[in-house]
């Protein structure tokens, strides 16, 4: 059968089989016992020509939800992606290459990842960052396992205001370990983690997210004091890296390991994946960092180049004793994020972050004026571009009504935090204009 | 890779099956043989035990890394770790350059020096390598 | 290196390009910041920070930077990329366009399920198709890469045993396995029991039987294995493992040889992963993101990660009623945009085309093997599957290492094969041409490999010095590892 993806003509096949010395392609499969074979062709429709293929997927895309107006982050952010970002990251020399095991013909990827590591280290205020992990959730899990290796302790204290899905992934990773103990720190009345000096005990790590799932900026410095006083590490996560454009970095506040989701940095939301897992840490933990690391090297003429390095941590060398099983990471997402960060620059990123904050505060004050109230009833915590408010009676029905018009006006927190039956999470980014927000506020009041 | 006859195997040391050597008296230094360093290639990192650790014969007490391999270091004798070579952190290549000299790894004071008699001397070790290479 | 080699170096002029922070000037920006029209809301003093100290570059500076970097890379689109066990096949352009459709790329993962029906349908159908291609009952797209799929499968096996009150701690892993296998097993608390390969390069059921006991949780098998050979005894091995109370994990890294041809259920496989970035044509992206869906048979289906997509009465929905599920493995629903590409690929092929793809992949590998075996040592001389493993044994006498052969290939326009893997073959050269390559392209690489074999005798320094045509020459990895420099200077 001819197909555009197979260059083989019947004549090619005949000649090749002649060289091999068999009569038919099927003869090459003789080592598969009859009892092991599929009895019929797999039930996959097609083949479709390229035009039909486009039609079919365009049909699905039309109902996939990308046309909704969403006032929400919750770990997936709608940011503007400048045209240069996909134009450059989509270059096939980047896109269709493998992991840079052959450094001489992978200097493009390697230099870009070296730059990425540097930019992420600067963003998080920690000296070393890896070449990426799958997403924010798995970055949390890997960071927690790393903290256990560094400290030799097993117990983890985890804020319940770390993204609920990320905590679920952590629990999945820890399930086989009978000694894994996770103590959840409850949310305080104001939407911040209830940090207490007691209870850290023999923990490997205190794990918080800031801004947390409620959008609130945690007291990271105090968390660091508490963790370090007990000999534990402080792990600080984030799902919105834009926040670090205007807030203090985790490293500058005492975090030992930072982990996060980097999708905001030039990657489309794509129904939640692929994302970009970020991890950075203090220098002395470098041999416990999971995943690939790119380092500077000299070639035999003394010219600067880059290589994958410290590979003895990894599965292909250390096998069952590796610090992680990760192999393929999110390399192209990291490249894309690096291009975005390069385009934004420190100055542009700071301005973009401020715009996000301004718009979010505008939405927040509008909702407060519309009868929403702060979670604690009193002074609201500092937030970045997401926040939680209690809704007035009748908002649920209004929310459902707006959904019928493809507007997602916040996320009900009750499925995640049953005690918070009337609390909603909202978020806006620079992709929403003042008019969009005014329109939403009118709809909410209607 | 060095040929068998190119290998330096000094007399006066005892050799363990994992290609570690140990001196037969004070200061009870332990290292890896010329054969071992040649097999491993240029070392990039050496992880050594805590001073004061009590170890059994054959217990893993460290790791030796090159760019593309990691191998375990086993104690050739039971006893107590008295010292580790402080210069290897900065210059792990010492192990390659002077495996029996400045590239020593640890000092293990034997609990029972008699245990050393179970290890090979230089001649037996060379024989062992010869057999291994033909095995 | 002496002057002579320097002079023989082709006159390739590589545009130099500094590191990002070695160019630019404070105050530039490569993107536009919107005017919001709302009041500025200062961050309270206690929380406010300086923002990251990144360089400021103009738009064209950024464009040139990454365009130049890209020219120092080599992709499937640049030339043949015969990496074994990596399946570097053509990544169709249409897949990129379709994954970028705004309906998909702009979809928020927490949309109500009715709002994202098209996305749920795509996930549901792709899971069905992947399960059908390997003959298993069901699949989940949550795992984000091959190793993540392995972790998923082993977590499922661990939970299965936990629910039965078991404390089975051992997992059998052949010594030809990828390092991810023992590493994934270890993350689930299992200890590795190594299984030596038989003389024919395959697992011997008798050897496996001798390693099984009441502590055995299961076995991890790559089939075809990393020597490119089909593990014909897998049905028997599975029966033995099941009789001992263990389960069978199949590593699908090499699925490209047997798509739509092998019934994993009949082979006794309980769970396996599939690399969409290998067999299903999605781009490797210089190291990811990939996608490693897991397919399971009836025994382990209840343990698949959740939530899962259900379908009833014309409606797609999230199923959260999964009491045995290992739970969530990904922040949202897996690598959705990768799944779109795989979905597009499978539709372009259809059921028969999928089977044909494997046929041509195996044809290409055997053709390459036959044409190369005179010039290079072939330790297992028999019909191979999607890849063949050669060695440098015939060149060793001339002091030519496998690495030298690989680096010379670079100078002659190819990406090298996988080298020094599998570990069970000394100085292996593992080549997987995939079905994408045309006969004349295979003939050309064969000619090149033969040329290298003759150069190994006539001009070995050419190989030792290679590559000389690249942006950089061989790099000093030892010094890089001894004093790691992982970030640029502030």
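Per-chain numbering from 1; labels A, B and C assigned in written order.
The working rule: a contact is a pair of C-beta atoms (placed from the backbone, for glycine too) under 8 Å apart; a residue touches a chain by one contact, two chains touch by 3 or more.
As the structure is a computational prediction, the values presented were derived from the model and not from experiment.
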**Request:** Using the touch rule from the top, work out which pair, A-C or A-B, shares more C-beta pairs.
**Result:** A-C
**Prompt:** Of all the chains, which has the CA centre nearest the overall CA centre?
**Reply:** C
**Message:** Please identify the chain with the largest separation between its CA centroid and the CA centroid of chain C.
**Reply:** B
**Prompt:** For chain B and chain C, what's the span in angstrom between their mean Cα positions?
**Reply:** 38
**Centroid distance [mean C-alpha coordinates] between chain C and chain A, Å** = 20
**Fill in**
Rounded to the nearest Å, the gap separating the Cα centres of chain A and chain B is 45
**Asked** Which chain A residues reach two or more other chains?
**Response** 311-312, 317-318, 321
**Asked** Which residue numbers or ranges of chain B touch two or more of the other chains?
**Response** 44-45, 65-68
**Message:** At least two partner chains per residue is the criterion; list those residues in chain C.
**Reply:** 477, 481
**Item:** chain B-touching residues of chain A, taken from the complex the two chains share
**Value:** 287, 311-312, 317-318, 321
**Of chain C, residues touching chain B in the complex** = 420, 477-478, 481-482
**Message:** Per the contact definition, I'd like the list of chain B residues that touch chain A in the complex.
**Reply:** 44-45, 65-70
